[in-house]
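Order of writing sets the labels: A, B, C, D and E. Residues in every chain begin at 1.
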Amino acid sequence: MAETMAHAVAHHAPPQGFIRKYVFSIDHKVIGIQYTTLSLVAAFVGMALSWAMRIHLAWPDMRLPILGWLSPNGAPGGLMTPEYYLSLMTMHGTIMAFFVLTAAPFAGFGNFMLPIQVGAADMAFPRLNMASFWVTFTGFLLACATFFIPDGPPLSGWTAYAPLSAVGSVAGPGQGWGQNLWGLSIALFCVASLLGSLNFIVTVLDLRTKGLKMSRLPLSTWAWFIDAWVSLLAFAVLLPTCLLLVLDRLGGTSFFIPGGLVFNDQLQPHSGGSPLLFQHLFWFFGHPEVYIIILPAFGLVSHIMPTFIGKPLVGGWKVITFSEIAVGTLSFVVWGHHMFVSGMSPYMAMVFSVPTLFITIPSVIAVLVWVFSLYGANIRFDTPMLYSLGFISLFITGGIGGFFLAQPSTDSYLHATSFVVGHFHFTMGLSAIFATFAGFYYWFPKMFGRMMNEKLGKLHFWLSFIGVYCVFITMQLTGMSGAVRRYSALVDDFMVPLIPAYRFMTIAALLLGAAQFIFLYNVIWSRFKGPKAPDNPWGATTLEWDTTSPPPFDNFGGRQLVVHHGPMEYDGDESLMQTSPEPSIAGT
Amino acid sequence: MNPTELVVNEKLASIEPERKEHGIVMELSPYGVDKKKLGMWMFIVSDACTFAAFLFAYGYMRIGAPVWGTPFGPSSIANGVLMTAILLSSSLTMLAAVRASQADDRSSAKKWLGVTMLLGVIFAALHLREWFKLIGEGWRLFYNPTGGAAQFGATFFSVTGLHLTHVVTGVIALAFVVRGYSQRRYDQSHVETAGLYWHFVDLVWMFVFPLMYLMNAH
Amino acid sequence: MKAVAKIAAMVSALLVIAAGLLYSSRTVSAAAQGQITGTIKLDGQVPHQKPIDMSKDPSCAQTHTGAPATAENVVVGPNGGLANVVVYISQGLSGNESVASQPVKMEQKGCQYFPHVLAMNVGQHLTVLNDDKTAHNIHPEPKPGGGNIPWNKSQMEGSPAVDAVWSTPEVAIPVKCNIHPWMRAYIAVVKGPFGVSNESGSFKLDGLAAGTYTLTAWHETYGTQTQTVTIAAGKPVSVDFTFKAK
Amino acid sequence: MSSNRELSMTSYVGIGVGLMMIVGLEVVLTLQHLTPRTLLFGLLTLASMEAFVAIMYLMHVKYEQPILFWTIFPATLFVLIFLCYFFPDAFRMFSMRLIK
Amino acid sequence: MAGKIFAAIVVLVTLATAYCVIAHVWWMPVDISVHGPKIDQQLEETMLVAGLLFVAGQVVLAAFVFLYGGAKNRPKQIPGGAKYLVLFAFLIVGAEILALSFVGSKAWGAVYFEAPDPNSLHIDVQAGQFAYYFRYPGPDGTFGALHPELINEGNQNFFGIDTDHDPDAKDDIVTAEMAIPVNKPILLTLHSKDVGHSFDVRELRVQQDFVPGLIIPIHFTATQTGRFEIVCTQLCGLGHYNMKAYLSVLSQADYDDWLKKQAAMQ
């Protein structure tokens, strides 16, 4: 029976024609590059938004003519209005959390590398894969479209708390069609993520080449596999949340809108809904989302590090993988720590606090594995390794903030302060971005067949690393004085003394952003002018280095691969391909 | 290949069977099912959570509401039981189609798929009848004519609407499967995967019916 | 080329004629203008106007350090004249009244709207200015479905003036500032001449042709009253209204 | 495919009839005028039984590798169980309502 | 070289952060509530535990990068392998976590698990876009019923109370500034007019969201007089940054005066 099936599924030949080859391609490599490019564009959009916000915070009177041109209503004369600030903030969060942090390390690299790393010719469902990208793309277009409608983008934050997000334009500018488009955009993103993660899971389970047992999977593949599970279950809950929100807005239902609400002296025709239900549904997705973002980062760093330290990670694949599984599982039972002061039952706060604290144990194990793997190593400081080290440092700093926010008593002081903003920028924002950069520098030769410029790469790292700490450590520490987040201007008496600190952060953020243009230049220059990349420039062991750079259409040119080793066969400068039949050398 | 060799090969295959994908020998799947079927299982897991979120929202609304309308009289319940029976028998006919396709009895498989689609359409029609009856009585997404919580309409129409969407999608998907199967582009694995989806739609109804109909019977 | 020149000449001639006609019609109506004047009184107990506590925004509170600002639902002058009453012609207009060309100005001063009630023509421009050291948002809320479109714009200190036009008559559109919930103004959008009573209760409508009109007076708290007036050519008429306190 | 171990079509029809009987039981339970809470738990128990039979037999899980069962059940149940954490707030919504 | 620079930056950042924390460059304002010291203590204990982990983590990372940056010897694993790492995580971090959640639950419980003092001064708080209003029950000690449809902000009826017909509402005192007597237990009932808001007084160590549709009770006792800011910390729309009110903690005599003045202004 298996025979007939193999015949029934025809080999797919390399597609011909520009559209089939580069636009509506079913080749996972093209889709991976499409995802990566999409998130690169999204990242620069999101960064530009954060610049505008930071400039407004530090110098509220400064006129930015470009904003006045972009939105005559939101920034008349280039002077940003409070609602436009919040709109930019909402879109910064939405674009960064969904279209950059979820898309790049998971969908982008995952699509390109996962089938190659398991030795498959393509994903399990190539057409579904293509659909998943184009649905994401449509979602991104919808999100961007909000900038060009008269009322501008929504202003209810990336969390879109109801009833602010549910009652419609009475709640403020941007809450009309901007919020509708937002809801649809995120719903589309959910659908795309579901299709993507389903594809990842089946590919890992069913398409491993001969000899590649689960225990021999590269650590990045493991992380994507676990991540796909988390994402499969979490986005399944965000999808109905978005649908119910859109129903509330367009269908007149009251899932999230209670009775007796008065806007502009007008009683709203709603009753019986619950804003807390929205928060629960959102954070039931929202907290796993944080781990959907960070788990691929775990995987990338664990995958990259052994190459540059010349030895396996401490504890082999098991310790790090099981801590990832533990993190992924626990991520579903802790969402209430976002809601300690939200009016949730205070007893539930304790129920959520304990697992939240316990999630630090697998995280600490992962960090210890990375840090103590450096012990007795031969560290090579190529750019991917520097970014991995940067990731570890940032993740430690960010993780420490979690101790404060996991406890309801301390959170009741720190909630909604810039401490939280600093904390999550460290943990899920910058950590994931640094790991993504590590992956980018590491895999660029494989993806495009050219080496990246190491000098520019290192310069990019040093500026980014210092910049990130200047901005976000300051942000986190000012939160100790109670600086409130999501304020478009510092008017409170206790906020005014913080203006110098805010200006410092703004300047640092501008420099940090400017450093990213080095990266952009490096990418574009290396793509066309970089030296040709050998098949295995880093001396790594996994299957993606066992083929040409870039790989042919079916990844291995029809070769039968047989895997004999795990992914971490390193001993100093020596390394052993996973396909090598020689005996293992990773004796250490 | 002489008969003895064949026997030896079969024995070897039973000890370490090989699976090929694009002509390359792959590691065995721990699940031992076709990848389409495994993909469908993943979809089902995720879709079950989506339905669950809807039903939990319904439960939440209902616990929080001071008064809750219970609009279903005996005729609606009878209609619901009939719908359940139809969906359940459609699951059985689907099963018959899968078995026929596994026995490579193509005409019988197509016949059973056709019956399944027909039952799906009848189910959708009965469902819409119930909807129009409620709408005729004044129930809306946002309005409760009996003066209770407006959430009844919202939850009922959205949950059953989502289920109805699944049924209609299923019927359309089955139509595609029948077409591909008659053209011999699809094999029994496609029928089996479609069948899995169809059973899942039935499975969801097993919760929707008691929670949305029976819990709202007066 | 010649044909184009011809067409251009004809078009410009037509334009000149049209302009001339328009101008002459204006002068004709101006020659025949009548005037309505009058006073509006409040009969009965003047309701207590609650003081407004602006401590929420210190920059607002600083502008009222002497006496606190009060609500302006019923503003009565020393001689019992009721201010902020819009008087306009609700019936009897010929339909080709001119639109006042000067824009109407509304200021935000000391975290209150000034004027509290203003009237303007359909198609006339409204200019909103912010004189305060804080941000305001201007949020007019016309009746849904009435033809006027609600909008909500913030105006920072130093933002350019907000300009708006209304397309349909409506008495009166409430205006709110969401940042300072106590702020309230009303914009009466009417066709033809209008007047708003001052603190002594007096008002004036100019530019009316001879004829019979229904005159409506609107107050935000006490609603509307109507009277029928007949104007002979060029003769001023006096009309008084009296509102009863509840 | 381990079709040789599978049940005959007649047995499946029997399973279908059995499922219908559970549905009948649900209806009978509904007619007993129980409190909503008792009715809910009764119905959920019956529906879960029904669903279990459907998954094992109609959806064929009984005849697949055990790992399939041990993958899909824990994952789904995990989400379902933790979604129950919503309900304490639903009760708060009932008791702390602003508009009576 | 790169390793040494990296180690230097990491150590520098660690020292700078530690300085900011130890020197209280940005720190909590002085606490003025009865329950606050418990929270402060919890925060300081957490800071100690987490700070040690932070410093240790960064310094060990820096040290290893520094030491093994240019090494050319045959790589070796840490003696004992991952076993001790896992043990450390479970025992040390686990113990810290248990201690923190045990002690922390008491600090939390002191605010949320205890019933308010029956002699509390009851103040009704309403948040709306974008201002707070406070309601004192007046001499009769009862609040008038709320009728949302009567809310008219231009007419200063922020709560939607019917002063004409409801005798309970007639003597309700509505203010835009909150004053409370010092050392007296206060019970607030928070409800929102429109969207989610928050009641945050840093000095009181009280932060509680308003949930539209629900009445959320919260109680505290202030121990020092002064004027403090109540700010909104839950994103509520365009005026979020400007949504605040002042809290005056007064002596009992001053408070009585203030209330009388407010009553006269109604």
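The rule we apply is simple: a residue touches a chain if its C-beta (ideal position, glycine included) is under 8 Å from a C-beta of that chain, and two chains touch if they have at least 3 such contacts.
Since the model is a prediction, treat every value here as computed from it, not as a measurement.
Q: List every chain that touches both chain A and chain C.
A: Intersection of chain A and chain C contact lists gives E.
Q: Please report the smallest number of touch steps linking chain A to chain B.
A: Step count on the best path from chain A to chain B: 1.
Q: Counting one step per pair of touching chains, how few steps separate chain B from chain C?
A: Minimal hop count between chain B and chain C: 2.
Q: Please state which pair of chains has more C-beta contact pairs than any other pair.
A: The largest set of C-beta contacts joins the chains A-E.
Q: Mind having a look at which chain is the central one, using mean CA positions?
A: Per-chain C-alpha centroids compared to the overall one single out A.
Q: For chain A and chain E, what's the span in angstrom between their mean Cα positions?
A: The computed centroid separation for chain A versus chain E comes out at 29 Å.
Q: What's the distance between the Cα centroids of chain C and chain D, rounded to whole Å?
A: Inter-chain centre distance comes to 66 Å.
Q: Could you tell me the distance, in whole angstrom, between the mean C-alpha positions of chain A and chain D?
A: Using C-alpha averages as centres, the distance is 36 Å.
Q: Using the average of all C-alpha atoms in each chain as its centre, how far is it in Å between chain B and chain E?
A: Distance between chain centres, rounded to whole Å: 49 Å.
Q: Among all residues of chain B, which ones touch two or more of the remaining chains?
A: 30-31, 45, 48-49, 53, 60-61, 64-65 - these are the residues of chain B that touch more than one other chain.
Q: If a residue has to touch 2 or more other chains to count, which residues of chain E qualify?
A: Residues 128-129, 146, 148, 153-154, 213-214, 216, 237-239, 242, 244 of chain E each touch two or more of the other chains.
Q: So which bits of chain D are touching at least two other chains?
A: If we look for residues of chain D contacting two or more partner chains, we find 1, 75, 79, 83, 86, 89-90, 92-93, 97-99.
Q: Where do chains touch, given as pairs?
A: Every touching chain pair, ordered by label, is A-B, A-C, A-D, A-E, B-D, C-E, D-E.
Q: If we count contacts the way the header does, which residues on chain E are in touch with chain C in the complex?
A: 128-132, 153-156, 158, 175-177, 237-239, 242-246, 265-266
Q: Any idea which chain D residues touch chain E in the complex?
A: 92-93, 96-99
Q: Okay, in this complex, where on chain A does chain B touch?
A: Within the complex, chain A contacts chain B at residues 2, 4-6, 8, 11, 119-121, 124-125, 128, 194, 197-199, 201-202, 205-214, 232-233, 235-237, 239-241, 243-244, 247, 251-255, 269-274, 277, 281, 284, 554, 556, 558, 560-561.
Q: So in the complex, which bits of chain A are touching chain C?
A: Interface residues on chain A, with respect to chain C: 60-61, 73, 76-77, 79-84, 169, 172-173, 264-266, 489, 491.
Q: Would you mind writing out the residues of chain A in touch with chain D in their complex?
A: Interface residues on chain A, with respect to chain D: 1, 229, 233, 236-237, 258-260, 271, 274, 276-277, 280-281, 284, 329, 332-333, 336, 343-345, 347-348, 351-352.
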